[in-house]
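Below: a set of structures, written as structure tokens.
Common to both upcoming complexes is subunit A, partnered first by subunit B, then by subunit C.
Coming up: the complex of A and B.
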């Protein structure tokens, strides 16, 4: 874990996340904003791969980068008008938002760095796919069949709701 | 020099508050939704990092992020359906024009 290439990869991913998440919220054009969000999600998937959670990284790539960003891009193209980017905020609003975000970030980073989390150590073994599958499909303690089924019902409800809301009348 | 857990937490804090800033200052409904996406993503990253560094023999953080990703996908799909419907009604998705919906 602590070899030099690993650290280099981590710092590249960290810089990508920080730079592009700030650019996502500061750029004026919304399509660029969605593209920068895509870069942030890619870098987050890279962090999951680096922490040896390959399954979670693959899920992140498929659902976020493959599904959600496509939805965003299509809906931006469907709803974009020319005067969208002309609206400019008052300076006081921007300053209030900036102040809130900076104060919160400084407070949270301060608490994170001074808090004692107890013994933290990196044990870098990959979780085997078979273990994930049994935990997802079992009904005993520390197994997750009930939330799995609840998610499937939720997705069904979302499909029906999306069709009903967005259909033409 | 090794990679401490706090480095990941600082990155996800920056991502979280970038999302907060966007949520407060943007006026386009889709831009607000993108900011919410940043916030959810940073929380997922925190769960995974806590799982890997503090409780490496368990899998709760992994499964919690897995389910959170699924739920945020649902939420995005429904929100985008609502936004497209709003656009059909008032030809515009700025948050300040939403009061025209009642006419």
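Coming up: the complex of A and C.
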């Protein structure tokens, strides 16, 4: 973040993320909640684009906006009726939730303040696609073929599990 | 060949000469946005006219012929009608989501529209993951359609939205795989580089068999992705009145209408960029004189001409084939197109590895 407009865009994105995250958990309509979550994910993608990491930004749009949120909306459409509103929470539950959130926030702030971050912004051009590809598919140090394959096995297990649950009537 | 970056650099230099850098960027963003929206609207109007005329000729009618010569002013008249119509507020709907949905659809299609290379040096967004970014932003539109169907509080709209969701998620796979086939061939995802690589022959000729298979699959999947006939189940008017946009009126309906036509333009723009060389003229390696003559035709005409050809093919099969059933539609995708696509991807890898292309 070196210039004023860059900083302005960053603050707009950050404010969007904060506001819509809070709205996601406070709204009482489930589909609105999914929509606000979508906005949060858009703003996160915006931050990736600002860091000049357009691959991760595009992946964020593709996987979350184009995949996960659509699955959420789909399952909401299939399972709930249109008059579905969450009942108001009891005071004790609200307090417990707030306390947990506060504890999480304290932990996050503590880690953020004590961690020694690298340079605050990426210097140089976009990361070339070939570098990302070899890093994902290589077997040497700092390359990620094993986790990549492990995750695909996990996803395969999820797919099979989903089919089995759906077929049991 | 005229390079449009001369013009854009001149405007950039002019603005920088009397504005600070930050202000220049803001002004340029606004200018580019305005140009894109004007181009978007004009192309949509031209497409609506073309669709009505072509449909009419397929059905042995004349089509619009009252407003202006050959009915040329008909889309403008339609546009003003749409703009002046009242937007009706419907009771018992989720108003926020109901009003948000058309904007999601239109934003997705404008973003995808912005990625297209219109002419030499005339491109707005050029990431090194360009084509992937284009697919990613165009998938936002599905959320808009699902929200529209749900928020309308109408069972026909909901059925339309569900069909549309199932259809678009399935066919996104085919689109992605057929684009990936061509990315394997090109070795890059940056759109300008893809166009530049087709300097000595378009990919559909140089990649021969796998490229042609990918082109056909892309056309089928692209038509399904834009919800056009014969895959227009989401808005099948004889079954669902108008599907997900039944309850919309005035310009909100207009947004869905515009986005549908522009998505067709985006699909054909991507097809012509990947397979037919984008704005690159028709070059045959070795025929210097011929190539030189072809260079005299401006690049923007090449691009729009190729798009027009692809769009004509899409309209052609809309008005020729009857509508599919939902089970036929899903079977076509999952049992035929996806396996064929995976096989085709493998074939393309073999072709590239053993250097069997031209």
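Criterion: the second predicted complex is superposed on the first by the 142 of 169 C-alpha atoms of A that agree within 3 Å, B and C clash if a C-alpha of one lies under 4 Å from a C-alpha of the other, contacts with A are read in each partner's own complex, and residues count from 1 in each chain.
In this section, contacts are C-beta pairs under 8 Å (C-beta built on N, C-alpha and C of every residue); 3 or more make two chains touch, one makes a residue touch a chain.
Please read all numbers here as calculations on a predicted model, not as lab measurements.
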item: Greater subunit A contact set [subunit C / subunit B]; value: B
item: First (subunit B), second (subunit C), both or neither touched by A:66; value: second
item: Touched partner set for A:166, first subunit B, second subunit C, both or neither; value: first
item: First, second, both or neither for A:12, with subunit B first and subunit C second; value: neither
item: A:117 touches, of subunit B and subunit C: first, second, both or neither?; value: first
item: Subunit B versus subunit C as contact partner of A:32, first or second or both or neither; value: second
item: Touching partner for A:145 - first (subunit B), second (subunit C), both, neither; value: neither
item: First, second, both or neither for A:137, with subunit B first and subunit C second; value: neither
item: Which of subunit B and subunit C A:126 touches, first, second, both or neither; value: second
item: Set intersection of subunit A contacts, subunit C complex versus subunit B complex; value: 55, 59, 67, 76
item: Subunit B contact footprint on subunit A (complex, rising order); value: 1-2, 6-7, 10, 14, 17-18, 21-22, 24-25, 30, 33-34, 37, 40-41, 44, 47-48, 51-53, 55-56, 59-60, 63-64, 67-68, 71-72, 75-76, 78-79, 81, 84, 87, 89, 93-94, 96-98, 100-102, 104-105, 108-109, 112-113, 117-118, 120-123, 127, 131-132, 135-136, 142, 144, 147, 151, 154-155, 158, 161-162, 165-166
item: Residues of subunit A that touch subunit C when the two form their complex; value: 3-5, 29, 31-32, 35, 38, 54-55, 57-59, 61-62, 65-67, 69-70, 73-74, 76-77, 82, 126, 128-129
item: Complex contact set, residues of subunit C against subunit A; value: 21-22, 25-26, 94, 96-97, 100, 127-129, 132-133, 135-137, 139-140, 142-143, 146-147, 149-151, 153, 158, 161-162, 165, 169, 172, 188-189
item: Interface residues, subunit B side, partner subunit A - complex; value: 1-11, 13-22, 24-28, 30-31, 33-35, 37-38, 41, 44-45, 48-49, 52-54, 56-60, 62-63, 65-67, 69-74, 76-78, 80-85, 87, 91-94
